[in-house]
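Read through the structures below before going on.
What follows is chain A paired twice: with chain B in the first complex and chain C in the second.
Moving on, here comes the complex of A and B:
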């Protein structure tokens, strides 16, 4: 028994002590959630250390795990994170909670600043301060099955009205016409549905850009859009379409179970990738359909920020500058499925151009067109947006699944918005 | 007399059918995971009858190149160490509580139960802050001690019950024959309570092995355990179902031999049988 006890204590100390004594000055902890860029960056950590002598512990984790870890770290001001993955959709909330450090001076001093696309960079300016540096701007595109459209003798739908008539012609038991994200969430159905809503002239607030934040989602325009979204998914969607998320849409498209998918570029890149999809060579891409109010592709910007409690912000800023540099971005664009980089010169690299035109000849240009059309506040840039998006998304999903009528869903969404905003 | 009446046969048939249905219901998720784990990535969502030969072992090789194997090792180290330490402390504690004539046992039992029942979310923030200040975040030591808050009450409570069923006369006889209390405990009481001890160790190990919450909060890349590492296969714009299936099988596999070996002891322990 004594020997057992001694072994156990020795083992515990042996496991614990090295980990307790690893903290060195020239070392930073980077926490990000998994996506092609972050996976690629993690593999390049050695390059950063070779160039700067700073050891970067890059943790790439699942998004749910990430949310939990950073919330605890930020609320406890623990200083255990030096660089944090900062989605633009969260940055308002984080800034309001004093979780981030303003980095205007640090970014101004970065040589790479002039190469970073202005739109995504500006998305991180709040109250005149820069709070993060973008590395990726995803947008929304539509994929379509060329063979199915040819067989039916129809063109690629340019508007949502066209989409309804094309869907009616091509939908059958074997291949459903269309799938879109339906699961409630600000990054799930509320990443996709506003592409329909804004095309019909629907909006979240009376006058967002003018500063009038009176909820205005319960409008005839949004109702019309919701009816189109519901009709497409309920009548021309695959079985269980009311519970699809990006993974199911991706799988259905890769598996030939749908003709159209409206998705973020990260998923679209997988649908048209011959290494991942059996139907890649039969799949075309197009801009999202337009409506009476025009075309409004989604936009999602991700970047790197420095937590307010970071102990060594100078090292953090050096890491960010390296991470968004043309050289690092180009390496990742070549090694991963990462086409939505925000450092401009990467797009001029011949190897990058060759790689993505092999995946799909129109991919890079179509993505640039969609980004040009996208409005920065596609999803409102507000501290309360995560809660608002969740509440609206739940009402939209309830209507889609027949739990409430579309009218009730929009009334409910507007009331929820008022409750969240304290109106 | 064996009942061979038609009525009995119908009842037995119904019973067996019901058992098989329940077994199938319980086994479907595992079977599904097994199937997913050997499907080629581009056929993973196809019904098996459409491409029955689209099978591959690549998913298993792929996961060996990820961080998951080291996470699995972390799970073994932390669950194993916390169980071992909890047994070293908990078994003598259970013996003392069962056999000593001290007052306050009732209160002690309630405190232990409360510790066992308290949801970790109730004390996670103070624990997290204490760990940050003590430098215990992302260390085996930190996770092992956190797991002991789960395993120790379970083991003490369970061993208390097991030792209570060992007749006092056995221990008294050993002491009358000249054995010290420690010897009486080690050579008489412990062997008599062996089924309970094995069951307690296994249940304690399983509680720590299956933990997600503590590992989520107090580990980082250095000590991530397998249940948390599984979540890392869900990324921003893709879900690696095949790796999740392989990982969930890898998480279940070590438990199966443990359960097979310990089955007898757990049944004995739960039914309270001690032959004295």
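Moving on, here comes the complex of A and C:
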């Protein structure tokens, strides 16, 4: 019996001691998903500790598992996360579920606030409160192989129609014409497909800005866009394109297996980086093709927020202020492929300008042009968007891989939207 | 009763009481880590709790009635059944074949057994990433090799049957060593005298295996099939990494569908109802196979 008690006491101490240690030290846990900025930030955790005496445990995980990890933490209100990666596309849902702490006062008190670009900062204002601070605004760009287009005697396609005719001319067994994300998911095919859909005048709702949220994806415009997307990937894409995600698109471009890629700026920066891609010097950058309704580059703002269950929000706010400061951002912009920063003065740093001009002379200008063209609600900013995006993405992917017709896919997507919204 | 036998009975009683006490921590652990979450899941499945919209406090059979008419659930059960039946069959056949082969190996070559255990030690997410690369035509060395001879290997991950085949291959690669280990242990428990007697009677090796070894392996085969089958109902990492449930929704097994409802659609109560259904299916299969095992053993 004594041994049993001793074991129980030892076990209690074994579980209890780390908790006591954590409470006594100034230590915070940061959870983010992998991208150039977050990887760079993780490497600078020591700088934060040296400056403030606060130890930051920065956990950078895959995007796939990130949502599950934070959902479990937030629903359980475990308080084990002090600062969380907050994509703008999720923030409405998190605020509706009371998972985030409003940080208006904390942000107002930050000296860096006036340096942060107003658009991305406003993207995190809901019901008059600030819920996160942005660190990057990614957009969508197209990369093309200059040598292949020159050899074929064709210009860079300006519209999706042009793209169809160019793709037909350059596609062959060695080098496919184009690759885009196809795997289902609101952050996967539904980050890319709306660039085609909106160019053809397709929309998710009857009148999103006017407040009419009747699903309207099953329209002739979206059908035309879907047919273009499908034709490009099925007839002019690499083998297996129907299951490609950004990693496969990136690898295919870097290995010279495709002529065109339509991707987020984070991936585009890697495709044109001579340190990473064998074909970087032969690769050009352009805006995504336009359609009858114009050009609609993707936009994705990412920021840092404080969970409602965070135990020491003051330390969390200090970390966020440091993480988005001009100094930290500049360090990351110089060490990683990170050009879509939202702290303005970084863009004026001569070393940063020199670095990205060397990577590609057009990169920073194209990125700025694309961001100017992008609409804030490229993907609807609704609490239900993750569910809607997943359902629409599954239907689009089913059509792409021949499981259903494009008409059936859009009909299914609209019905799924109604079901999710309870209509 | 003599004083000696009284002493022995008293000692046996004390020993049994000691054993019973030792079980108490295990019972408490099971209660905390299995029964409490299970009860929570059951309560959730009767509720209307939604991650975003919260709850109106309604309790009832609403979610279970919805299950009956859910076509996506029917599809998910079909996917789960195909993945489990073919996957477990492949794992048991390959595991048994490798175990029989390794059983006869002697000397230092016995260390070769460790090689076959490597896939079992690799985390499932890593296994899925390896096979995702191998089944992605632009990344796969297999495709590159056949391309040299002008042969185009089909793209597996863009059709339902192909994607299910790819998941089964990945699942089999990582899980057959478990079957192999159990069967190898069972083979070592069979007396070599039986083989020798059969050989003296002129039985061939194949006949000896079919009529003597295999019947003796049956309880172990049943047990390992049951373990693998129940585990296979929880299909998730391979699907999550390799197909994301696609193409379309064609590889969304029931466990993955519960994840979609819970985490993507925020419909926690409905996700819990699917999980309860999955639990009942696993319990029913376990009960039936346990009965069968008992009958065969007796």
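Basically, the second predicted complex is superposed on the first by the 398 of 423 C-alpha atoms of A that agree within 3 Å, B and C clash if a C-alpha of one lies under 4 Å from a C-alpha of the other, contacts with A are read in each partner's own complex, and residues count from 1 in each chain.
Simple rule for what comes next: contacts are C-beta pairs under 8 Å (C-beta built on N, C-alpha and C of every residue); 3 or more make two chains touch, one makes a residue touch a chain.
In this text the structure is predicted, and so the values were computed from the model without any measurement.
In the superposition on chain A, A:67 makes contact with chain C only, not with chain B. Contact with neither chain B nor chain C is seen for A:336 once the two complexes are overlaid on the shared chain.
In the superposition on chain A, A:398 makes contact with chain C only, not with chain B.
When both complexes are overlaid on chain A, the residue A:80 reaches chain B alone and has no touch with chain C. By the document's definition of touching, neither partner reaches A:411: not chain B, not chain C. By the touch criterion defined above, A:278 lies against chain B but remains apart from chain C after alignment on the C-alpha atoms of chain A.
Of the two partner chains, chain B is the only one that A:246 touches; chain C does not reach it.
Contacts of A:47 after superposition on the shared chain: neither chain B nor chain C is touched. When the two structures are aligned on the shared chain, A:27 is found in touch with neither chain B nor chain C. Residue overlap on chain A between its contacts with chain B in one complex and with chain C in the other: 1, 4, 8, 64, 68, 75, 251-252, 255, 257. Touching chain B in their complex are the following residues of chain A: 1, 4-5, 8, 11-13, 15-17, 19-20, 23, 29, 33-35, 39, 57, 59-65, 68-69, 72, 75-76, 78, 80, 138, 246-247, 250-252, 254-255, 257, 264, 266-267, 270, 276-278. Residues 41-42, 44-46, 77, 81, 84-85, 88, 124-125, 128-129, 132, 135-142, 144, 186, 216-217, 220-224, 228, 231-239, 241 of chain B touch chain A in their complex. Touching chain A in their complex are the following residues of chain C: 21, 25, 51-53, 135-139, 143, 152, 155, 157-160, 163, 240-241, 243-250, 259-260, 263-266, 268. Here chain A touches chain C in the complex through residues 1, 4, 8, 64, 67-68, 71, 75, 93, 96-97, 183-185, 188, 238-245, 248, 251-252, 255, 257, 383-384, 386-387, 390, 394-395, 397-404, 420, going by the rule given at the top.
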